[in-house]
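Order of writing sets the chain letters: A, B, C and D. Residues in each chain are counted from 1.
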Amino acid sequence: MISIVLVLCSIIILCMSGFPAYLFAIHSTKGQVVSSALMLIGAGIGISGVILSIQSGVIVYYNHEWFLPWGSFRICIDPLSCVFLLPVFIVPSVGTLYSLSYWSQRLHPENGKRLGAFYGLLAGGMALVVVAQDAALFIIAWEIMALAAFFASTAEDHNQQVRQAGWVYIVATHIGTLCLFAMFALWKSSTGSFALVNSPFLSRHGCDVLFVLAVIGFGFKAGIIPFHVWLPGAHANAPSHVSAVMSGVMLKMGVYGIIRMTSLLPHVQLWWGGSLLVVGAITGIAGIAIAIGQQDIKRMLAYSSIENIGIIMLGLGLALTGRYYGRNDIVMLGLCGSLLHVWNHSLFKSLLFLNAGAIIHAVHTRDLEQMGGLGKRMPKTAFLFLVGAIAICALPPLNGFVSEWLMYTGFFNYLQVDTEKTFSTVPLGAVALATIGPMAIACFVKAFGTIFLGNCRSENASQAHEADGSLILPMVVLAAGCLFIGLIPVLSLDLIVSAVNVWTPQNTLVSSVNAAESLQWISYLGSGLLMLIGFTAVVFRKKLFTKKESALGTWDCGYALPTSRMQYSSSSFGDTIVKLFRWIVVPSDHDPKISGLFPRKSAFKSVVPDVILDRLVVPVFKLAGYYLPMVRVFQRGQVHLYVLYILVTVIVLLIIGR
Amino acid sequence: MNSMVVDVVEIILHLMLLITMPPLLLGIINKTKAWFGGRVGVPLLQVYYDIFKLFRKGMVFSVTTSWVFRVGPFVTLCSLLIAGLLIPMGSFDSPISFAGDLILFAYLFGLSRFFTTAAALDTGSSFEGMGAAREVTFACFSEPALFFAFLVLAKISGEISLTPMMHGPLEEYSAIVAAPLVLIAIGVYIVLLAESCRIPVDDPNTHLELTMIHEAMVLDHSGPLFGVITYAASIKLFVLSALLLHIMIPFQFDIVWLNWVLFIVEMLGIAVLVGITESVMARLQLLHIPYLLISALLFCAFGFILLIR
Amino acid sequence: MAFLLIFYPLLIAVAAAVITSNRVRPYMLPVAAVPHCVLTYIVVFSNRISETSTWLSLDPLGKIVLLLVSTLFLFCSFYAVQYLHFRNDRNNRIFIVCLLTFLGTMSLVTWAHHLGLMWVAIEATTLVTAPLIYFNHTRLSIEAMWKYLLIGSVGIALALLGTFFIAYSSLHAGLDATLTYDVLLHNAPQLSKIWLHAAFILLLVGYGTKMGLAPMHTWKPDAYGESPGLVGAIFAGATTSCAFLAFLRIYHICYAAGEQQYMSRLLLFMGFLSMIAAALFLIRQRDIKRMLAYSSIEHMGILMIGLGIGKTALYGTVLHILTNGITKGVLFLSAGNIHRAYGSKNIEQVHGALRILPLSGSMFLVSFLAITGSPPFGPFISEFSILSGMFDSHAYFSGALFLVLLCIVFIGMGGTVLSTVQGNAPKDIKEKGTFKDGFWNGAPVLAMMIIVLILGIYIPEPLAALLNDAVEFIGGQS
Amino acid sequence: MTNLLNAILVIILMLNLFTLGTTRIQSIIRIVAFQGILLGILPLITHDGLSLMAVAASIIAIVLKGFAIPVMMSHALRDVQIKREVEPLIGILPSIILGALATVFALLFASQMPLANENLSKLIVPSAIATILVGFILLTTRFKALTQVIGYLILENGIFIFGVLLMEAMPMVIEMGVLLDLFVGIFVSCIIISKINQSFSSMDTRILSSLKE
């Protein structure tokens, strides 16, 4: 019970954390410090609550009557909530530290307080979403979160792009919320109550509809393709620490919703898992393919988030098929992979977004083509980015690998399941993961290379400076998390396995012994790899890190005057892959013909727009916006026609009423 | 007690082969190519000489480069060595084997690729950037192909660890698996050619613009770093050959020591095969390489589909 | 009590008519509103049944609407003082007298238990509000007033015919022709069906005109657009609710007559028609006040749909009267402030309201979110209850259509609202704007917004009991 | 009594058609005034025995509908100095035909409805509906503001005819209230018409269409 009290307190503190800043002067940073402190305290309380709840191992409820026409204030902390609560508490509080110098009130007097207030609400709302066990409470928390994210991400609303992105976001999130309305209303009518607990009354058919609504409704928030349209713009245009929270944690609320709903639905169908696998594979591959084509660092990270959501969906789809066949090992591997990836993604993606913030702070642009050579000027940032990049590419020995490993193992185990014909192709999920993997490497090598390596491509980049400690420290915390989970994954497995046990219908206990054994080996090998690298580096240190560098340039194949503009650029690096995947990403190239003896100055530019948003949604909206208002001919100001409408209505109603 | 000694001996042998043998494969390939070209060719052990010589040399660093450039080849080498620990040699168990190690195996290749390409980009040279871009692109096809092959092997053997998976089922293979195995063998062979930069995908002997993949990436590395890169490339070839070996020739003798001999001979055989392939084929046009890799992917995919049909 | 509530505002109206000072007169509004509101709360929440006669009686439905009318008027009256001082150039005698009379007639509507009396009161509200629209004395406001009066009168005339039809249906059934509500309710099952049906249609159209159901809504954007913000607030919040109450009485009689099935079809038709029309007209709406008018039409449609579904949706419907009314108050008052500050209500000119009017701008934005059914605001609770009622009664298609329309409305309104509040304000207004957020034009808006928020997360027990009473009174399940 | 009643109702119906058939606004006002007086007689003859209420209703109706309102409208007409309804939406003859059709429709419609108090209702119900429809025709086909107000008045007259059937349902006070509302409504309309005339120098409602989508 005490854990619930702690978590509730923490939610309240988090929600309120931004408001004390309003008591301080407009340029004063003190208010911001107070807010951050409150947030850290709140998160600390919350985490202690979570730890208490994990240790006690009991699922605790709190139920309070509520004077709403329906629903009660019903809160529950079970291991599944705990899994999601941890990133909800950790990432925003790390982000708030970061914001102290990144979005200092002194430099942003106009929107600093507003941003702080909604940032706190966003964190609190997310925490409430995770613990709510009643549809009414859930949806209220959900919308607090969604709206707070809207306000936080449109902090710079004087900028047209920000407004545009905010608009797309709020429309998308509202459509998602309306799907949730439908879902919960249906839930109520099928189960007779709004309580989100297992119900015996659900019919098979009802479950199917609920599942579809959940995937669409929550999919909008999670960013499943084709519901991802809001995601890149909103992430790119929000302040970086907000992007970090949105991408690192808020997307996961969509994932949480789907996981929670599927845990409540008794009749699992085979096609549920199948469709999630297909959706996950498409989301993952298309997401990363588009990410490769991006020239905007934050848009690239946003698409990479979409990719990671795809990966999480693959794991969940696998778990669902496993549940259908009653294969607990597969459920365990798939869902553990998913849940662990939720953690991992929240760590490395927020690390990368915070890093992007530091870079943007230094270079004053988000355009990769304007960067380059920052590794020398900001070595710490570069190293931290490298850590994030390796983690997100799921390379050993960092954390991304562990979660993907679990899913892979699940897919391989599935080979042994005696299945219906069409569903024996489920292991192809492993191939999807294996396709995503190298593409992620391509994407992040490109990013790392164009940002930090080579020569500076612009004036700004050459004048960049290392980020201050308060920007670095939060990143170090996150990077340490990546390394920790990557090297000692077994420690995190216990909580996640108990969450999986909540998810499985009759709470049949799932064991993780086999996986744990293998994970031990992975830790050994990962540490071995690090030690081996360290060993070789030490052996060759004299030769490698000699002080007297020969002041030579890169070998230029005989061309005497290479400039930094001749480096392989971000677009050219990505072009090779983008061309191969043009059927997914549909790039639009600006490629002027070069002709004549003295060709004029010309530039190649490859833009990868969002396939769904720019080629489908926007045109459809434009058409609708053009044709639908045509009904206005009925209202041209002629009063005698208006009177006629009244008469006509009476007649029509008489006819209908007959 | 006795079995433990055997185990230790096996591990030592495994490590020794892993560390010492790879450059030999390159030598064999070169010799084969020379033979086909009617030349005497460089000595069989020339690669060893090269590597030792390189390690004694000093290094030249471009002012553009940073620590990534220096560390990259070592990370590549280390991760490939670890991968080498996971792959069984012939009928012998690998030193380290656990359920799901094949994924680690594949991802260690990814790690090596990450650092090779990052180090290439660190020079700021457009040639090396071009090579890196192509390297990461082609991996997008070779890696799924590899996983298709893994799926087939796992389905056949019922195991998800490299060692038991490679050793096949306890009884004989059933007839139905023959066709899938042949298909994935072809697929993996193409992957092997691509990953170790062999004709028809890449030409290891030139770094002309048209063929710039691997060799272009390492243009700026010199001295020990280049030695490490050459050595790492040979290990990659070795490890992939060991993988291919099991798919192609999954049988063994009853006498233990003969198996070692058999393994070495088989490995050399594969090297000869690669050499022959390099000699009789022309390098593909760059734009056609993806098609070759996609065909490898399709071979493996068909193998899988035949199996689960 | 009834006479006090009805005649006290009229008395003050007389006093206001006598007062000559243009500056003092506005204070009559709070003078009328505060005691009226206090009395209302006493009447509504005291357990003692207030005195009843055959003609005047306060049932739970009336209580809810009276509560809304009085509360809304209270906030508007404070707002009006400041507003009228700001517009001191204009003689406000007629305006204030009409406004006070309006309050009296609306109170009469809530008390009336005689259908004829109720009709008279509703028609009276139409007549006294016409001059309110004309307050700005522009050509456009004349046009709006004319359309309002003509369309409104024609509609109300049909309602009178419908009222007669009800009486006739009781005559036809061999009973005494009567229009007393309680008697009609009592005899409802015996009433002549065919006349009752005809009466229902006429009253639906008649009071629907007053509520602003499509396609009788045509006066609404014009009237709301041209009248001052506070008149719009009372219109959209209180008058429409009074008309809805009037219609609710008829619904109740027909319900008691067992005509739920018959009504449901017509109500859903009219409700969805209104929502569709509103949604279509909201797309690319360039005028913020006309936009609010269409939003009001949409919500009248929602009320109709709620009635059409009946049963469990009734609770939401009754609650929606309150939540919609108060939220509309916030919307109109804040839009009025924005209109004042920019001297325009066209989104071409109005940008960056959050910067010029931090309070009004944000209230406008938040109330937009509230009115479109975002949690955690009051309208969400009511709309979601209605939706839930739809699913409960297996009206899945209606539920889906409802959600799609809500979505279109959100997109339509959102485009206009966000463009209004976000962005950079025009330079001249940033520098020279005279109208700023103050206490008297800000506090009422804020207070109402707080009420809307509270209704979204906590419905006080007495109110919940009242709502349940109302639902039971109609005969639904709470 | 019934014969007298029927005779009056027939005259009322004829007057309806006359309103459609004339373009001089002053004439329409006179016709409506006459119709108002006839309406005022109705309460006296529908009910057996002269009740005080019927007499009062009749007197007030005659005063308001027959005199006060027409006078008011005439004033308004004098102010705006317009004599004729030119170019209505549909011509004079078509509108008469439409009016006749509406009357026939009303008769058919009433025959469909079950009637209480047979002999009394038989003509009252259809003529009420016919008058309402004619009011609508005027409202929708005429463009001058004053003509539209007259249309509204005729509409109300139709409802009044129906109301005669229900004298006992409507208490006196409420009856008075209804008539008062009508009066005030038309009063306000007349004021608006003069305002319109001041601002737009016209009474044509077609120019009142700046407020539109």
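We take it that a residue touches a chain if its C-beta (ideal position, glycine included) is under 8 Å from a C-beta of that chain, and two chains touch if they have at least 3 such contacts.
Because the structure is predicted, anything quoted here is derived from the model rather than measured.
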item	value
Both-way neighbours, i.e. chains that touch subunit B and touch subunit A	none
Maximum centroid distance from subunit B, chain identifier (CA atoms)	D
Chain pair with the most C-beta contacts	A-B
Euclidean distance of C-alpha centroids - subunit A vs subunit C, Å	43
Chain centre separation in whole Å, for subunit D relative to subunit B (CA means)	99
Centre-of-Cα separation between subunit C and subunit B, whole angstrom	77
Averaged-CA centre spacing for the pair subunit D and subunit A, given as whole angstrom	69
Multi-partner residues of subunit C (at least 2 other chains)	143, 146-147, 150, 154, 198, 221, 281
Per-residue multi-chain contacts in subunit A, two or more chains	629, 632, 635, 637, 639, 643
Shared interface positions of subunit D, touching two or more other chains	139, 148, 205, 208-211, 213
Pairwise chain contacts under the document criterion	A-B, A-C, A-D, C-D
In the complex with subunit A, residue positions of subunit B that touch it	58-68, 70-71, 74-75, 77-79, 81-82, 85, 96, 98-104, 106-108, 110-111, 113-114, 117-118, 121-130, 132-134, 136-137, 139-140, 142-144, 146-148, 150-151, 154-155, 158, 160, 219-220, 223-225, 290, 301, 304, 308
Subunit D residues within the subunit C interface of the complex	113-117, 132, 139, 145, 148-149, 152, 155-156, 158-159, 162-163, 165-166, 168-171, 174-175, 177-178, 181, 184-185, 188-189, 192, 195-196, 199-200, 205, 208-211, 213
Residues of subunit D defined as touching subunit A within the complex	89, 136, 139-143, 148, 205-206, 208-213
Contact footprint of subunit D on subunit A as seen in their complex	629, 632, 635-641, 643-644, 647
Touch list for subunit A against partner subunit C, complex	66-70, 136, 139-140, 142-144, 147, 154, 157-158, 160, 163, 166-167, 170-171, 174-175, 177-179, 181-182, 184-186, 188-189, 624-625, 628-629, 631-632, 634-635, 637, 639, 642-643, 645-646, 648-650, 653-654, 656-657
